[in-house]
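Labels run A, B, C and D following the written order; every chain starts at residue 1.
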Amino acid sequence: MKAIGKTKKGPGIEVFDIAEPEVGPEDVLVRVRASAICGTDLHYYHWDGYAERHNPGFPRVLGHEFSGDVVKVGDNVKTLKVGDRIAGETHIPCKVCYLCNTGRMHICKNMKIFGVDTLYGSFAPYTVLPEITAVKIPDSITYEEGALLEPFGVALHAICEANIGPGDVVVITGCGPIGLFAQQLAKISGASMVISTDTKEYRLNLSKRIGVDETINVLNVDPVSRVRELTDGKGADVVIELSGANVAVKQALDMAALNGKVVFVGTTQKPTEIDTTNQILYKELKVSGITGRIMFDTWYRSIKLVQNKIVDLTQVMTHKFALDDAPKAFELLDKGEAGKVLFIP
Amino acid sequence: MKAIGKTKKGPGIEVFDIAEPEVGPEDVLVRVRASAICGTDLHYYHWDGYAERHNPGFPRVLGHEFSGDVVKVGDNVKTLKVGDRIAGETHIPCKVCYLCNTGRMHICKNMKIFGVDTLYGSFAPYTVLPEITAVKIPDSITYEEGALLEPFGVALHAICEANIGPGDVVVITGCGPIGLFAQQLAKISGASMVISTDTKEYRLNLSKRIGVDETINVLNVDPVSRVRELTDGKGADVVIELSGANVAVKQALDMAALNGKVVFVGTTQKPTEIDTTNQILYKELKVSGITGRIMFDTWYRSIKLVQNKIVDLTQVMTHKFALDDAPKAFELLDKGEAGKVLFIP
Amino acid sequence: MKAIGKTKKGPGIEVFDIAEPEVGPEDVLVRVRASAICGTDLHYYHWDGYAERHNPGFPRVLGHEFSGDVVKVGDNVKTLKVGDRIAGETHIPCKVCYLCNTGRMHICKNMKIFGVDTLYGSFAPYTVLPEITAVKIPDSITYEEGALLEPFGVALHAICEANIGPGDVVVITGCGPIGLFAQQLAKISGASMVISTDTKEYRLNLSKRIGVDETINVLNVDPVSRVRELTDGKGADVVIELSGANVAVKQALDMAALNGKVVFVGTTQKPTEIDTTNQILYKELKVSGITGRIMFDTWYRSIKLVQNKIVDLTQVMTHKFALDDAPKAFELLDKGEAGKVLFIP
Amino acid sequence: MKAIGKTKKGPGIEVFDIAEPEVGPEDVLVRVRASAICGTDLHYYHWDGYAERHNPGFPRVLGHEFSGDVVKVGDNVKTLKVGDRIAGETHIPCKVCYLCNTGRMHICKNMKIFGVDTLYGSFAPYTVLPEITAVKIPDSITYEEGALLEPFGVALHAICEANIGPGDVVVITGCGPIGLFAQQLAKISGASMVISTDTKEYRLNLSKRIGVDETINVLNVDPVSRVRELTDGKGADVVIELSGANVAVKQALDMAALNGKVVFVGTTQKPTEIDTTNQILYKELKVSGITGRIMFDTWYRSIKLVQNKIVDLTQVMTHKFALDDAPKAFELLDKGEAGKVLFIP
């Protein structure tokens, strides 16, 4: 079958042929119907340190945000059958460690990441994944929406962690797809004002389209001052950091109100100098970070919101491509001139 | 001045003349601009047990949900000045007890209720209240909205206590004004579905106008079965009981999902038979109750939501009257054929 | 093998011979080393409504609080091996329902109870249970302690739910074994005062031995007044109801301080008349209930506390018997003249 | 009267004569009975940047941790009378700002610190403070204990924030007096193991005397490795940072278990390089900071614990001096060869 991925180290993206995957006794084989590019996939496009550290071998198919139909099930599979429509959970837990045993599979200490630590990802007509990570979706959710549930779930997890109260002012730093999803969620979670920041006008425009109350281009305006201005000097009750920029990490702490909450979601490449005493302690901030989706609380919540049309995930999708167009699609995303980009294999 | 209230025990409502109130050193005199009728006022209209228990003497002016302008301040008043626009907080705390000293003034153990335990309420051109209970409102909030902040605050307090998570199914039993406000708030607080119940079609229609996803007339449909039907048998994640009916208290517990939350807000007249083991314990429910508004967290949140037009309080207001029309206004409310009813003194 | 249980309906307890259990592919066979009698076992001794409702057939072996050694493992068992020392978790979850999928296996909607819904319990030299419910215990925990981890876990779960803050006054109504365990835990969880109640002097003496600060025999003293007296009229910050008596349910609500917490753990046989408005709503109580042990958070916590000798479970154990002495053991417990009673098969 | 403090800038500590303070209408005059030296006082002893920034003028009396008797009350004082025994709360709130109005007076945005921003501190026979900061203590609490309630309250506030669950492993980095108090509290708050760190054997010995389970001298042993070793590689469930050392801030994050909690209490002098992605985000840590005492929740809790002898504050006190011995007392503390040092004026 045709697939998008890598056959060797180094920058770039390739379209190549590869055998269909085998199905283990606890796995399901899935006909992929839609699959989105994630920022993580760009690590392989640039072949950076992350790509070096997470490389199970070659040839490897990239892609991990996807939906499709179950076409074959392993011998021990109990909860899925051929024909079920599913979306993929990326975190593959060991199911037996301390964390898996206490409701925190998404931070399993033996975790493998689908499409990152496995040879078969979802940028291909077929892929294979363990039963536990194939989440059934109802017919009322389209394949395109299904492929977006994985990144949407990160945003929802962050919103749960932020625990927005009625009337809270919420800032979301960064207007990548997860930032945009978080903005959608903040708008329907009781916030009295949702503010977004980015460096790219293209993305700030997507943010405006979603309906945030205020967008800040941090290249032109100091976001800390602007947030204080908009809040009678108090600062934001909740800040969700989704840019992964070190300066934004600092600003997130500074723009938070006394006793406010800051949730880190965007991954930085380097440490940040933080004055814990003045930025956290004296302000009595609550600072935390989240990764992935709570398995499976986040999924149940996401499906209910999409199914009942409380949020429209396709607002964040800007492009769809065939597998052959992989180079064009990656280039577009890399320039920051896209929201969510989907392949339809 | 002309006022609405009581000059003697017994049912009915009177319009009469009374001297303007005196202003103590810690009080402010307020020119009332709008004042709404509360269910509590109906206790005096019917002169029931509640009225007997909360009676500071005669003549007494009723009314406690109001807004207006400060026209005079007592000698020790520090935070308000003539000309300030304010809304009234009904709970008058002692400021020195254990609860006042730990951020819980709204359940002060020496609490007096304005318009209930005091001779001067707000159904008159002028009233007097302690500085601490006169909450400044911004110019962008109208007097009518200001008069509704007190009951809206009860709904907001209940929503805070319920702590709705993204995707939760929320049932609000009862479509009186506080129920309607709670429905407005649930709709913007992340719920994937908001369901309301009542016995009166008039009120269910107000609820529909607000945009709830499903209304149930409990005279025709069993609400517990209906809620289970709408939730794949799971029940509601959050139930807020606002009817004060004993049967609704039971149903609230029964329609809640395993591990769900039930918040009691509506006051019942009699005890309810509750099977704590099967209705609470084995279901691991979280049950709580709230009264009044958190002073002053609720107020800050309410003002931000109204000011930023996240909620429109006037959707719940259905009638406005002059003071002279008191008998007509009370009769209307008593029949349940009104949302919020305001006097413009 | 010899076993304690029932070969027919009706009151009484029998010692009889039964074949050793078969081991399914996901099960482990355990050589039982110690097994305690639970209040649940008394339902079968009296053969009451509970016994009728939970009866998988005859002959059946009773007992579900136990420890032992793994002597055989099913083909699909992955985390246990012959020789492992284990304690039994009683709740057998389906592992695939909504609740199992969201970290709440202990309230699985398809749950079966070991020793209640299964034919083989633990009052025998051998028993069989699913891998997931056999919890490995370290060598530093004795078999006797291991057999007590299941009821201790209920107490620990209740203490987690109560979330005692430093200085809180805690009342535990009921001095059965779980009550006594909860008292041990309250004493080491920051309480400034732990108060216990019961109707039996024997049990109140066990409670005193554990070191609670005040014991109340509710036959002689009104516990609500006494608790108010001991707390300057405020009431208890936390009440954990473990007696299962309807009057204690009411008193638990009444003795709780404004904004206090009440956790129901003891199961009542009938509903209780509760004035939700005055007992919960105006007091802004937090009321909840718990059942079983959080799987497996409670187990990790319990093991650490026992292993590090923070609590001594054997303080609650008063008698040990051979299987043949079953009638004597049950009679003793039924009279309330025992703490925890163990069989050593 | 004789007092300890400063008459001019620069290092050192002076004993000098000063007039007794005047009593404003909302103040109380107190005969100081015991007053402890705080780390904050050492800023003035060394005359560092902090001293420069917080200097209301000269001559100034230092000291802010104290107890005494009310000997005179201002005209508007309502809750205190001559003869009342009190302990001093150091944070003087404005009582009218957003934070004071929402139960967070201890982080009032207009806050003044007694003995830091005021001319009269407590190292003298008499001092003056606003009514709201004079906390009544019961007769069962000695003056010495009363003088220790202020720093003990910081530890208790930190413990409340950390919200230790039963069985948690708790590390407290730093064995200064607040660290030692926090260790006492951790030991009675459900921890299965309490570990302390410091660089000074003298202080680690005080920590051992208090009964912590493990002390680590970070000069000899890597605390992160040692904590992992003691916890089967998991790390600590709770870390409370009380040393104020930058390296300890980093280590606190590293020694915390996945999903653990870190509370910053010790104030650092410089920023710390933090890898928020790997140290917070992927670990899903909860990080927060606290300052002062929650007014007045912390005080109620502290008084109950001391009064009921759950903790013995005098275990942390190592020396008592007359005012004249100030130079000796400060020198001792500065060398780190003391626990809590008291003056008896």
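By definition in this document, contacts are C-beta pairs under 8 Å (C-beta built on N, C-alpha and C of every residue); 3 or more make two chains touch, one makes a residue touch a chain.
These figures come from a predicted structure and were not determined experimentally.
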item	value
Equivalent interface to B-D, taken from A-C, A-B or A-D so that over half of the residue contact pairs match	A-C
Pair joined by the larger number of C-beta contacts - B-C, C-D	B-C
Chain B and chain C: spacing of chain centres that average the CA atoms, whole Å	42
Whole-Å gap between the CA centroids of chain C and chain D	41
Touching two or more other chains - residue numbers and ranges from chain D	98, 104, 300
Contact footprint of chain D on chain A as seen in their complex	98-99, 104, 107, 109, 234, 244, 249, 258-259, 264-265, 267-268, 270-277, 280-291
Residue ranges of chain D in contact with chain B within the complex	76, 78-79, 96, 98, 101-104, 294-297, 300
Contact set on chain D toward chain C in their complex	156, 159-160, 163-169, 185, 188-193, 213, 300-305, 307-308, 310
